Structures are given as structure tokens and as C-alpha cells.
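Structures are listed in the sections that come next.
In the two complexes that follow, chain A is the common piece, with chain B as its partner first and chain C second.
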Partner chain A sequence: MPTTLGEALSVLEELKGDAVPIAGGTDLMVSWPERFIEHERTYLDLSGLDELRAHRWTEDALEIGALTTFWDIVRDPQAAREMPILVDAARTVGAVQIQSRGTWAGNIANASPAADGVLSMMALDAVVELAGAEGVEEVHLDELYLGYKQMRKRADQLITRVRIPRRTLEFQSFVKVGSRRAQAITKIGLAITRSDAGWRVVASSMAPTVKRCCAIERMLDDRVPVDGPGGFAAAIGSDVSPIDDIRTTAVYRESVMARVLFHELARVCPWICAGGDSV
Partner chain B sequence: MTMPLEPGQIEVAFTLNGREVVVVVDAAARLLDTLRYQLGLTGTKEGCGEGECGACTVCMNGNPVNSCLVPIFQARGCKVETVESVENEAVFALLGSGGTQCGACTPGVVMTVLWIVKNRDVLETHSVRELMAGNLCRCTDYDGIINGVDRAAATGGAG
Partner chain C sequence: MSTPLRREGLDKLTGRERYVDDLDLAGCLWGMTVRSPAARGRIREVRFGDGVDWSEFVVVDFRDIPGPNEIRLIELDQPVLAADRVRHIHEPVVLVAHSSRTMCRRAIEQIEIVVDPEPAVFDFRVEPRAEQVQHDSDNVLSRISINKGDIEAALARADHVVEGVYETGAQEHVYLETQGMAAWLDGDVVVIQGSMQCPFYVLNALMHALGRDASGVRVVQSSTGGGFGGKEDFPSNLAIHTALLALKAGRAVKMIYDRAEDMAATTKRHPSRVRHRTGVMSDGRLVAQDIEVLLDAGAYATLSSVVLSRGIIHAGGPYACDNVRICVRAVLTNSVPFGAFRGFGAPQTQFALERHMDVIAQRLGLDPVEIRRRNLICDGQSTATGQVINDGTDRVALLDLAVAESKFVEKKAAHVSFHAGSAYCRRGLGLATFMHGGGFTGSGEDTLKAKLHVGGCRDGSIEVLSAITEIGQGTKTIFASIVAERLGVDASVVTIATPDTARVPNSCPTVASRSAMVVGRLLERACDDLRARLGLTPEDRGERVQEAIREWHVLHPGEALLGKAEYERPPNIAWDEKTYRGDAYGAFAWGTYVAEVEVDLRTCACRVLSFHAVQEVGRVLNRTLATGQIQGGVVQAIGWALMEDCVWEQGAMKNTQFTNYIIPTTLDVPPISVTFLETPYAFGGGGAKGLGELPMDGPAPAILNAVADAVGIEPVSIPLTPEQLLELLSHDDAT
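== the complex of A and B ==
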């Protein structure tokens, strides 16, 4: 078990990307014994990398380490004050048993289109630090994913840190629609923020990856009047591409996304308010 | 110890209920398997095996975790507490409030309840219901469990 980042990276390089890094294990351990034997994969245990455990607040960013858990952020009052959508996301990711093991970096690396942590981090313009044999590079989280479970992260690279800029946020909201309040996987997820950098609208379970919704962001930046959920339909159509799956249907996803957007934004945007014929 | 892990036997040392233990286990073993089949501590139950039901809840380094999702190699050097470490009195609060019936979820419930009682400041930000959301119970209506937590929290776990 490596105890330094250097050791971990040399194992990854040596195995030419055949090793699967494991941090909290809350995704990888599901159906674990079968998986281990059937695939005979090599797992690289990250749990000894103490240097990557703590999160810290610098002057201009929150830095989340590769081993920082959801629970670490839930229990940080500074996070609740400044970035409550991180805490909101962490509290829906699973129960305490999952929050205390699952990591933010693992949430990114698992690359699920339903990832709650990724949703909030992307709406906060998080930057992912990737370390590899060839050095360290930074990728904006909203540019990390290329397709379903596809990432701009090479197999010899580890996510070592996630940097979230500290900005004055005039608005932030996290909404997760699932079958029940606890322990559910997202049917429709939305994280919305507004800062000097403009509006950010990010959707989960609506596309092959967690995805920024640039058409909706433009509508908000341009203050395009909307008089009901239907006013978002065209932008939703161009931003996301939901599917029917075991959790719900594409039609339900699009219609609920429009309603959630309207409900959340009508509270804060005077140009978004119910017109005569809206539902 | 930079050897990558491969299927095979490994030696793992950790603190279990206050005692140092060293086990030699299959590298693919979960903490749950090791507790039940290697160490004979069968109080911890396997329910769903995928981190949903909480029947296998143990405390690891002070926080509740699903032992079915912990590979044994990650227990190295950790402090693990199982339901076998619990004093009988702590369970009485649950019994008295009707928080247990068939008993399948009870060991996990007890571990989460006692963690809440020991870390009562979590109640400043979380409801008991939210904290107990990772322990599914198919017998009680949960009210018995929630009331048991309230009783245990009020009395420091002595029921």
C-alpha cells in the first residue's frame, strides 16, 4: 500500500494504467467479490496517502483532497456558510455510512451522470488537479467528461485535488429529485449558482455526463423573460439529452427539469414569473 | 509496501473493539467477511451487500460505515468497533421503545444509535431521522427506533 503520492503514481505508471485506484470504495465495492475474481483487476489502495486527506480553505479557494470525504465537508461549518450546495449534495449522496467513506474525488472519477457531488462542484466552477508521471495538470470540471464514463483523465493519472474558487455567490441552489428523500439515485438533479462569473446551471441524470446547460445560462445572463416552465423547453432541448431508464422516462425528466428551473429561479429573477397561461 | 494488490492472502493488523488483532485473509475479503468468518463476530449482519441497508454497520475510526463496502486491506491500522463492544444497557433504550422486532437490522441500528449518542453535536445540524436513514428496517415503523434514539440521547445511552 503506497503511503506517498510519488509511490502511488509510480505503481500506476508501472502497471500502465491497469490498476484501479480505490479511495472510499463506496462505488467499487458494490458486488465486490465477484468483480475481483472475475476481472482479476489490480486495485491501488489510496487510503494510506495521508497528504491527500485534508481539505483546506486558502484565501481564494476551497481545496478538497483526493481522500476528503463527503462527511468531512458536511461537518465543516465554513462549507455550510459559503458553499451550502456542497453540503446539500453530500447529504443526499447516501446515508452517513456512505458519506463517511465516499470521497469527492471518487465521485468525479466514477464519472456517473447521476453524481450528486459532481453536480454541485461543477456549478461552483471546480478545477480538477490531475497528477501523473508527466507532471500535474489542471482541468476544469465542466471540461473533464467526454461522454458516458469517459474522461479527459489518463489511466496513469490520479485526481489529487479539487479546487473550488471562493466567490461571492448571490444565489446557489441544489435540487435532487429521486424516488425518496434518503438513499436514492438521482432522477433529475440541478445545481444553480450566480456570481460575478455569471449564471451556472448544471444538470445530472439528464445527459451521458453531468453537464452544464449553456443555453439556459445564456437565457439567464440575457434576462430572457420566461412566463412558465414551458419557457425553458427549447433551451433544455438543446442542453441535455435524457433517456428512458429504470429510474424514469426522458419525458418526465425534461418536464420536471423545466418545473424545477422555474420554481427555483422565479424566487430570484424578476423576469421569470408566472404568466396567464402557465401551469 | 508499494506492491500492487493482487488476489491472494494478505496480513492485516487493526484494532477491534479495543484489542489489537492480526488476521491473514484473502485480499478480496471485505471487513464484513473478516469479522464474521475469520474472527467469529457474527453480530454484524450482511443484508444487501451493496451499502444500502446498513445491517452491517460498524464504527471505523469513529464514524459509522457499511462493513460490506470496506475492503479488508483498508482496515489496516484502523479502529473498528462492532456490536459486540456494546454494553447491554445501551440496547435497552431501543428495546423499551419498540425499536426492534425481528432483529436483522438491530446490530446496525445499535451502532448508528450509539454513534449519535457519543457525538451528540451532530443533532445540531441533523435530525435523528436523517442520521438513521442508512439503517433500513422492515418490521418497525421507524418511530420506535427514532424514539429509542431520543431516549438514548437523553440518558446518554443507558436507556
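== the complex of A and C ==
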């Protein structure tokens, strides 16, 4: 088991990317007894890399380590004050047991289109630090994913840190629509922020990856008047591509995304308000 | 009566309780099942892959069954292992065993069942085409009808005729402990230990399939982590499988299903469709109930005929109506067989009825409370089967109590002002009045004649010998309390024997809300018999009884002292199985449940905000356990009503994980207020009526009635998922 980042990276390089890094294990261990084929893979246990455990607040960013858990952020009052949508997201991941083992970096690396942590981090313009034998590179989280479970991260790279810029946020909102009020996988997820960098609208479970919704962001930046959920339909159509799956339907996803967007924004945008029927 | 702590509670809380998976069986093998990939067809070949050293495995197929290849239950239609034909996906065909669980998992993936497909049928609501017929001329496995009065004349003279069609979905039991069995040979005796509700069902099924008499088979219940009916019939199948592997291996074998296999391959609640055509006068009086019930039985008969029987008897509900016609059918489909589940047909038929009552009220412009008040059975009036109710319960008062306790009227007013201030939340209130018969339906108890023994031990302690199983409902605690009360002894001197067919008499299965009511009464009579054998009078209690037991053993060394009882039909009870007329149950429990919901119009999610359960259940034997039973049933029914959606593909359930088969969490459950009215039932243990299934009947219609009230639509099917509600609201509202 490696105890330094250098050791971990040289193991990854030696095994030519065949080793699977494991931190909290909350994704990799699901249905473990039945996934016997995967028992034969090589796993790189990251739990000894103490240097990557803590998160810290620098002058201009929150830095989340590769081993920082959801629960670490839930317990940090600074996070609740400055970036409550991180805490809101963390609170909806599984139950407390999962929150106390699962890591933010693992949430990124698992590359699920339903990832709750990724949703909030992307709306906060997070930057992912990838370390490999060839050095360190930084990738904007909203540019990391290439397609379903496809990432710009190479197999010999580790996510070592996530940097979230500290900005003045005039508005931030996290909404998770699941099939029940706890322990649910997201059917529609939305994280919305507004800062001097403009509006950010990010959707989960609406496309092959967690995805920024640029058409909606433009509508908001341009203050395009909207008088009901239907006003977002065209932008939703161009931003995301929901499907029918075992959890819900494309129709439900599109329709509920529009309604949630409308009601969340109507609270703060005077140009978005009900004209007639509001639902 | 005192309310002692649950006997097995501490062991369960601390993790000390040992379930079948925890049993330490030296050198045991693990057994697993290879299942049909096809919904219907002929088995052409079973192919064993090359990559496995099959000599390391014990392999069993239909040719290894010593007796008939039949699972003995009501019908003999279900094979132990498919021989030449399959009728549903996941039907067991081959069993394998190995000392390594992982090796077993690998091996079963290397066995291919090749099936030549035949036309299958999946929608029970559609008449089968000729090539889909697999039973008689129409796939109907069972049918029953009830006729009371003159239905056509009554419909003709009614002021209004209101029609409706209602549907309910399948439901998975989700007992915490999955199905599991262990089998080994003790000399020539096949011993089975495992998770089950009904040891003698398992015994009878084993005797039949293994071709053995009772001396060659012994069945012992292990600590059972929940059943809800799912461990009524299915454990017989698994016990035979495990026994076959153990016989062939000559070693102990365990078969423990993982969650996905358990959900995919075991029984569920029967899906239903119920049509109502109701003649009603302008004042809301019901004059004609014309009801047609259809159940999806799945691929084999299992218990469908008796589920149908309980379903039909409850279909007319707790209302006095002089003209009733009910026709019910269970039809074969090529789905995984449906089986026993808490409520046993009554939740399905009463869901339809109680939604329909609100629809009638809506059409006639009547208050939903008032229309029920006008029709509830009063003592002296009769149910659909002509059973005259005379139990001293005032059902109208029960309804009024529920309305008062739930602050029904006040909340309605509060909702109006809530809506004025909410952009997208709508609240509503709904109620349901219903009943549940305790014990076997009709003449079942009389035919099966349950038996129970009470042993007086040498040290003066008392042992209850019965086949009733503790499955989380608290039977051990209840039985000890009943003995304590009857004999005046402390409950701590009473032990409850493990249900072991080599030791206990056949008290019949742990089903039908019958343990406390029917078997509890046997327990009292066995206590009386014990006292009589000791030459004591009913006035002799406590230490006098224990002293007499000790003295008896001094005088009869080496002998067993047993007080015995066998079921006796209560007087003035008569049932005609042919016409379905008469006293269907010894006693009914009665309930009125009120649900308050909030609908989020953004997500179309329904949340139950508050729940009031008011019921009359005879005497309450243990308030904590009874309250827990009611609350647990309400939670299970909230899941059935709003969330638990079995997704089917070719008759097999697709969503077999907890991430996609959604049951309520504590956050999805409101505070559940439980109120009991108590009218002791003279022929029930301690005065109790049946209680365990009652709370499954009322919540679903109460919740849907509340949703209808909140958003002004008429939902007719469950589960009412957000996706379903979105569709209803979109149709309803073109904007």
C-alpha cells in the first residue's frame, strides 16, 4: 500500500494503468460478491496517502483532497456558509455511512451522469488537478467528461485535488429530484449559481454526463423573459438529451427540469415570473 | 395484561441473533440455482461449459428427484425443477453445489439452458390467443362468485349507477432476511433448517417430492428475518432444492439467495384489476354492488385460489348492501408466480372499493365521510356473503373517532389558506373504511384442525409447543403473556419451543392473522387442559400450578406432562363453500384510516404528511407490539401506494436492487398515530381478533383519495409514481 503520492503514481505507471485506484470504495464495492470477475483486478489502495486527506481554504479557493469525504465538508461550517450547495449535495449522497466514506474525487472518477457531488462542484467552476508520471495538469471539471463514463483523465493519472474558486455568489441552489426523500439515485439534478462570472446551470441525469446547460445560462445572462416552465423547453432541448431508463422517463425528466428551473429562478429573477398557469 | 419486552428483541438489536446464513455447519456446500432464460418453451438442451471442472460440483436436475416432480401445495402444477418445459423466466432447472460460493457463482454462468420458445402471455387483462392458452380453454386457474339479492333489479331502480376500473401492481415483500435453507442428513433423516413461516407446509412438500414419510424428514425453523407471506409458500421450493443437493452430496448444503435473486425469482403480491358498477340512491345509500375482480396468478397456481377467496369476501367492504354480485378470476400468465403477501387479496379489492366510494361521493356531490357513515354495517346487518355482524363494535363511531382524531374538518380548512400561499404545493385529505377477517377463510380452520400442546416441565416451568413461527410479529412474547395470564404464573417461567416438526404438533401455518386470535385461543384451552390433568380448578393459579407440575413429575418419572388442545369451531358459525354464503370468518377487525398528503406540482411527488390509523381489533394483547404492527403495515402500504413499482420484462422483474426497487425510508414516512378500540372477541386468544394484515388494507386508498382531493383528478391505479401523476395531470390540464 503506497503511503506517498510518488509511490502511488509509480505503481500506476508500472502497471500501465491496469490498477484501479480505490479510496472510499462506495462505488467499487457495490454488489461485490456477485461481481466476481472484478475480484481479479488490481486495486491501488489510496487510504495511506495522508497528504491528500484534508481539505483547506486558501485565500482564493477551497481545495478538496483526493481523500476528502462528503462528510468532511458536511462538518465544515465554513462550507455551509460559503458554498452551501456542496453541503446540500453531500447530504443527499446515500446515507451517513456512505457520506463518511465516499470521496469527492471518487465521485468525479466514477463519472456517473447522476453524480451529486460533481453537480455542485461544476456549478462552482471547480478545477480538477490530475497527477501522473509526466507531471501535473489541471482540467476544468466542465471539460473533463467526453461521454458516458468517458473522461479526459488517463488511467495512469490520479485525481489529487479539486480547486473551487472562492467567489461572491449572489445565488446558489441545489435541487435533487429522486424517487424518494433519502437514499435515492438522482432522476433530475440541478445546481444553479450566479456570480460575477455569470450564471451557471448544471444538470445531472439529463445527459450522458453531468453537464453545463449553456443555452439556459445565456438566457439568464441575457435576462430573456420567461412566463412559465414551457419557456425553458427549447433551451433544455438544446442543452441536454434525457433518456428513458429504469428510474424514470425522458418526458418526466424534461418536464420536471423545466418546472424546477422555473420555480427556483422565479424566486430571484424578476424577469422570470408566472403569467397564468405556473405549473 | 402487562407489556413485557419483546423476547428476541435484544438479540436482534445487538446482532447476536443467528439466522440460517449464520449457522455453522462443518464442511457444508453452497447450493445455487440455474434458471430458465425463457418465459415459455421446451427445454432442448442443458449445456455445461468447458471452462469448469464439473467433477468438483454436485449437480442436480429433475432426474434426481426421488418422488413426484411436484411442489405440494394446493395444486400440484409446479415442478420442483423444470424437466422438459418452462413456464416463466427464472424457473429453476438445475442446481449446483460447491464448497466455495464464488466457484458456484462462476459455474452457474457456464450452464446454458437452451429453450425452444413458445408463445407466452404477459398481460393478464387481455384474453389469451389460442396459441397462448396453457390451462383449460382460457388460462383461468380459479374462479369464484358471490350472489346476494337481485343485482339487475337493484341497478335498474337505483338513482345513479357509477362505474369505475381500478388497478394495483405487484409488490415485493422485502423481508430483511432473504430466503435461505440448510439441509443435512441425520442418519437416514433429512433435516431442514431455515427461514420460514410454515414448517408443516415445508414438511408436507418434502415428504411428497422426496417420497418419504414423516419419519424420514424433519423441519426446523431458524430465526426468521421477516416473512409478510413471502415465506409461506416459497420456502417449500427452496427446502426441496437444498435437500436434493444434500442427498446427492451426502453432505450439508446451504442455499442462501442474494437480494437480486430473491427479488427476481420469488413470489410477489398479485397484480389486480377490479371493475365496479354501483347502484346508489341520491342520498348515498348503496343498493347494488356489481364487482368483477381479475388477478394475475403468474405461471403456477401457488396460493392464488385462496388469495382470490379472501379477495372476493372483502371486495364489498364493510358496507350493508342488499344486492351484491362479485365475480373473481385468477388467470395464468408467464410471469414469476405470484403468492401470499400480507393482506392476501383483501388490499387489492378494498383499494378498488375505497377509491370507488370517493368517486361515487364526488359524482353525487356528497361528503366522503358522510357516504361511508350512511353505508357502514350496523350490528344485525350482513356482509356480501350474508354473514350477520353482531360483534358489539360501533363502526360509525369508529369512523367518527378517526375524523375527530385526524382533525379532518380543521385540516380541510387549513388547506385552503395553505394553497393561497403556495406556488406549487397542494394538500389533500383522504380516508378509507375497511375490514379484515381473522383466521383462515370459510371452513379452513374447521378442516385443518390446528393442534397445540403446553408442557409442564420437571422444574415447574411451562413450555409452549406449537408450529407458530416468530417472524418479527412478536408471537413468542404474546404466547408467553397468554400463558402467564391464563395460569397466573410469571411470563419468565414460560418458554416457547422452537418450531421443529419432530417436537411440536401441527398448529397450521403462521398466516392469515391467526396466531394470536386462533392459536392463542388453543393455547388458553391447552393451559386449561394442563390444569385439569393436574386435578386443579381454574381458581388454582401461579405457584400452586407450578408446584402441582413438580409433584406430578415426582409421581410420573420419565413421562411427559402435556396439556392439549385442538381447534373447535365457535358456536353459531356456518359456511357453505359451494355457494360462498355464510360466516366467512370468526371475526372481522375494522378500521378507518386518514391520510394527509402534499403534492409537489413541480415534481409530481406525493408525500404523506400525517397518518391516523383507528381500528377495532378485539382486545389488544400487547400495546407496543400491536402499535408496531399497525405502523409497519402502514409503511408497507405507503410503499405499495406510491413507490414500489415492479418493472417487468417478459414476465421477469427487472429492478431487482434496492437502488431501483424503491421502498420508503424513514424520511418518506409521516408520524403514524395509532388508536385502538377494543371489543374483546370471546373466541380469540385473550379476546384478540386478527391484527397483522389489517393495516395493509386501508392506507393505499386513503392516500389516493387524499391525492384526488389535493389536485382534483381521479387516480385509479397504484403505484401512483410521480411519472404516473405527471401523465394524469398533463391529460387533465392541457395548459
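Here are a few things to note about the model shown:
Operating definition for what follows: the second predicted complex is superposed on the first by the 269 of 279 C-alpha atoms of A that agree within 3 Å, B and C clash if a C-alpha of one lies under 4 Å from a C-alpha of the other, contacts with A are read in each partner's own complex, and residues count from 1 in each chain.
The rule is short, and it goes like this: contacts are C-beta pairs under 8 Å (C-beta built on N, C-alpha and C of every residue); 3 or more make two chains touch, one makes a residue touch a chain.
What you are looking at is a predicted structure, and each value in this text was computed from that prediction instead of being measured.
In the superposed model, A:184 makes contact with chain C only, not with chain B. Touch criterion met: A:32 reaches chain B, while chain C stays clear of it.
Touch criterion met: A:260 reaches chain C, while chain B stays clear of it. Look at A:5: by the touch rule set out above, it reaches neither chain B nor chain C. By the document's definition of touching, of the two partners only chain C reaches A:248; chain B does not. Touch criterion not met for A:224: it reaches neither chain B nor chain C. Look at A:20: by the touch rule set out above, it reaches neither chain B nor chain C. Put simply, more of the residues of chain A are touched by B, taking chain B and chain C as the two choices. Within chain A, the residues touched by chain B in the first complex and by chain C in the second are 31, 33, 36, 181-183. Across the complex, chain A meets chain B through its residues 1-3, 7, 10-11, 14-15, 19, 22, 25-26, 29-33, 36-37, 40, 42-45, 47-48, 71, 74, 80, 91, 94-98, 100-101, 181-183. Residues of chain C touching chain A in their complex: 101-102, 105-106, 258, 260, 423-424, 601-605, 607, 643, 647, 654-655, 657, 659-660, 662, 664-668, 721-723, 726, 730, 733, 735.
Touching chain A in their complex are the following residues of chain B: 1-2, 4-7, 28, 30, 49-52, 54, 57, 60, 63-66, 68-71, 73-74, 76, 112, 125, 130-131, 133-135.
Residue ranges on chain A touching chain C, taken from their complex, read 31, 33-34, 36, 39, 177, 179-185, 246-249, 251-252, 255-256, 259-260, 263, 266, 274, 276-279.
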